[in-house]
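The letters A, B and C name the chains in turn, as written, and every chain counts its residues from 1.
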Amino acid sequence: MATIVNVTEEKALQVKDFEFTYAGADEPSIKKLTMPIAKNSITALIGPSGCGKTTLLRSFNRMHDLYPGNNYKGEILFKDKNILDAKEDLIDLRINIGMIFQKPTAFPMSVYNNVAYGMRLKGIKNKTELDDRVEKALKNAAIWNEVKDRLKHDADGLSGGQQQRLCIARAIAVEPEVLLFDEPTSALDPISTSGIEELIVELKKSVSIIIVTHNMQQAARVSDYTGFMYLGELIELGRTEELFVTPKEKLTEEYITGKFG
Amino acid sequence: MNKIIDTVFASSTKIIAMSILFIVAWIFTVLLNQSMDSIQALGFDFLTGTKWAPNLEKFGALPAIYGSVVSTFIAMVLAVPIAIGVAIFLSELAPQKVKAPVGVSIELLAAIPSVIYGMWGLFYFVPIVRDVFGGIGISMLTAGIVLSIMILPFMAAVTRDAMNTTPDILKESAYALGGTKWDVIKDIIIPYAKAGIIGSFILALGRAIGETMAVTFVMGNVHKISLDLTAPATSIPVTLANEFTEADTDLYYSSLFELSMLLLVISFTIISIAKFYFLRRKRRS
Amino acid sequence: MTHTQKRIIANNIVMVLSTTSALIGMGFLFWILSVLIINGVDALSFSIFTNEGAPPGYENSGLKHALIGQFMIVGVATIVGVPFGILAGTYLSEYGQKSKLAETIRDVSDIMMSAPSIVIGAFVYSIVVAPMGHFSGWAGSVALTIIMLPIILRTTDDMLQLVPSTLREAAFALGAPKYKVIMQVVYRGAKVGVLTGILLGIARVAGETAPLLFTSFNDNFLNTDMGEPMASLTVTMYNYATSPYEDWQKLGWAAAFILSMFILSLNIIGRLLIMKRKEK
């Protein structure tokens, strides 16, 4: 049984007996997983590759639905509603729960249109409102000063770190309640990485954050809670400073001391 | 000893590889030489003349050029939207079980020789055009439609391939913002694959304009510019296919060679634009 | 109506349109295929393979002359085009690589692959048929060779480039001269790919009609002398199909069916070979 610390904050998401099976697989990739996600804090998911951390992350915005045959069981509660419900409106869900990917995913359009994209999908057409919110999002993503003179330029021209911050700006522009980060710095250099990390910490004032990372130092640096996953199960969820110093589970200890993984 | 063989092998492969350049240059030279009579005798009138009457030694290529342009235009207008639809269906819409067999059969249909499309057009499509649109069924319109069906598999397959180059992660990020399939297609996939898609359309255009057999059966080879699409017409390749073995005077031959050269120059230009302007990046990567 | 609802409706409309166009496209293509199969199978009989052409109305007419002619014309083109194409492709991949000359040859071949084949026919008419004074099987083969060359050249180039350079380096490190590395290591590594290219190249030229119209021309009877006009399946198909005689039209369908099955089989074998290589 997993050791789960008592999360005192309000919960952004509540995972209950969650199981996930990929199309055609015999065994579930995530088994009976229960886990609270604290509001306005950062929860990091760590574990060896194949442990299911990215699979879990991609369940929060039902990304798995893009590919047929995948199967969910159990509950993930978001605002008192089970988002795994067949009736769940995925468009709405994804507007409320944003996602940042391993690699920067600047769309083939201008910097401005990249940030405005999600808002336009929501139906915001008013030019001044769009302008204001694009500026605000870019400022919040700490990239405004670098791009304010080239908003009309193709986003392709930005560096990797800039593109990743642009993607964050694009995600926060629609004002989501939860942001999912899937190894957001794995394609970036160390300087861009620390920029993104600072930004993530800054963002938790307004959103709840879940970050998957293969880098334990990164988890230790940015997160409030850390969940260690192994073979599709949550082994331990603890306050980050406690989990890395005094892990309760033997497996967790072995992993963070580098005995495997 | 090894060294000698090495040198001989290296230089013979090089000479053979260069022969392709030589052949292309030779083709142009021969066609130009053979066209000289006609170029000198007819000059610019060859391109603008509307009367093609070999018995009177009159050779105006405009009806054939007009026919090539119009039939290809009809083919493109019909094939492009359907090809896009098929490509969207194959790359984004169809369930996995449908995708593979339909995709493969489209590719196999692209391999069927054009003469068979022409034959089908003559026996099965000409009567339909005759009944629906009037005329004798052998017409510009029929040629355009048969041509569009012939280029459809190629176009759809290449468009699908271009669309498939869009990275999944890019599509996922648009879905993650709450995009629908159509949002993702029009805002992400099409802009991303734009060069490849346009390039494949132009490539298909280049093939269509030089296509002979699919249209020869159903066009009629009538050298007359008519706005009536149900009237028989001709195109450059149709004229060549029908008249090359019948030409009986030097000027007649030379005019046909000039037509060949014209066709070669047009297709070379179109294909070069497709390959070098739109599809270049693809090959480099 | 909210904006999201509008987007969902637009989405559904496009999905319906795209599925419909896929159905229309596939419908036409399967129509052609079924016409081909129904008419072809109907016209097929054993005697088609043993009898030569005959004037319309004669019962014992067949396609033997066209099948043999086709085989000879395409065969000669293959015998010449394949080795030359492979050697030229070898130059591009192993010697020329990214040089300006190699890139130019690639570009020109790419264009040639889509160039109108009837123009090749006109060219060969002028350099072979006119000097000889008459149409001939040789002329047809020359035209098909010119069409085949760039196809084999480009696929060989691509396939050889797929062979990992570490394999070449390992052979060089053993002191092998370059030609031996190419023959014994590179060719072996790219065997399946090059073979597939050859099959597709043959399939492509076997369906060519336009360049044969005024090179090999036609002959309604069996002729195995490449120096004389020669029947091919494609030109025979064209002549028979455009004739007013029903029995000839029927033979035309039989020829169309045989040719299509041949070309489709080559394509399918090529695909299976590639799939098998990928599984490894």
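The definition used in the following text is that a residue touches a chain if its C-beta (ideal position, glycine included) is under 8 Å from a C-beta of that chain, and two chains touch if they have at least 3 such contacts.
What you are looking at is a predicted structure, and each value in this text was computed from that prediction instead of being measured.
Trainee: Would you identify the chain whose Cα-based centre sits farthest away from the centre of chain A?
Mentor: Measuring from the centre of chain A, the most distant chain centre belongs to C.
Trainee: Tally the contacting C-beta pairs at the B-C interface and at the A-C interface, and name the larger one.
Mentor: Answer by contact count: B-C.
Trainee: Give, as an integer number of Å, the spacing between the C-alpha centres of chain B and chain A.
Mentor: Once rounded, the distance between the two centres reads 49 Å.
Trainee: Taking the mean of the CA coordinates per chain, how far is chain B from chain C in Å?
Mentor: Their C-alpha centroids are separated by 16 Å.
Trainee: Which integer distance in Å separates the CA centroid of chain A from that of chain C?
Mentor: Using C-alpha averages as centres, the distance is 52 Å.
Trainee: Which positions in chain B touch two or more other chains at once?
Mentor: 178, 180, 183
Trainee: Quick one: which residues in chain A touch 2 or more of the other chains?
Mentor: 91-92, 121-122
Trainee: List, in ascending order, every residue of chain C touching at least 2 other chains.
Mentor: Residues 4, 7-8.
Trainee: Mind pulling up the chain B residues that touch chain A in the complex?
Mentor: 95-96, 167, 169-180, 183, 187-188, 191-192, 194
Trainee: Under the touch definition given earlier, write down the residues of chain C that touch chain B in their complex.
Mentor: 4, 7-8, 10-11, 14-15, 17-22, 24-26, 28-29, 31-33, 35-36, 84, 87-92, 94-96, 101-102, 104-105, 107-112, 114-123, 125-127, 146, 149-150, 153, 177-180, 182, 203-204, 206-210, 213-214, 217, 234, 237-238, 241-242, 249, 252-253, 256, 259-260, 263-264, 267-268, 271
Trainee: With touch defined as at the start, can you tell me which chain A residues reach chain C in the complex?
Mentor: Chain A reaches chain C through residues 91-92, 121-123.
Trainee: Considering the complex alone, what residue numbers of chain B touch chain C?
Mentor: Listed in rising order, the residues are 2-3, 5-6, 9-10, 12-14, 16-21, 23-24, 26-27, 30-31, 34, 81-86, 88-90, 93-94, 102, 104-109, 111-120, 122-124, 149, 152-153, 156, 178, 180-183, 185, 203, 206-207, 209-213, 216-217, 237, 240-241, 244-245, 256-257, 260-261, 263-264, 267-268, 271-272, 275-276.
Trainee: With touch defined as at the start, can you tell me which chain C residues reach chain A in the complex?
Mentor: For this pair, the touching residues of chain C are 2-4, 6-8.
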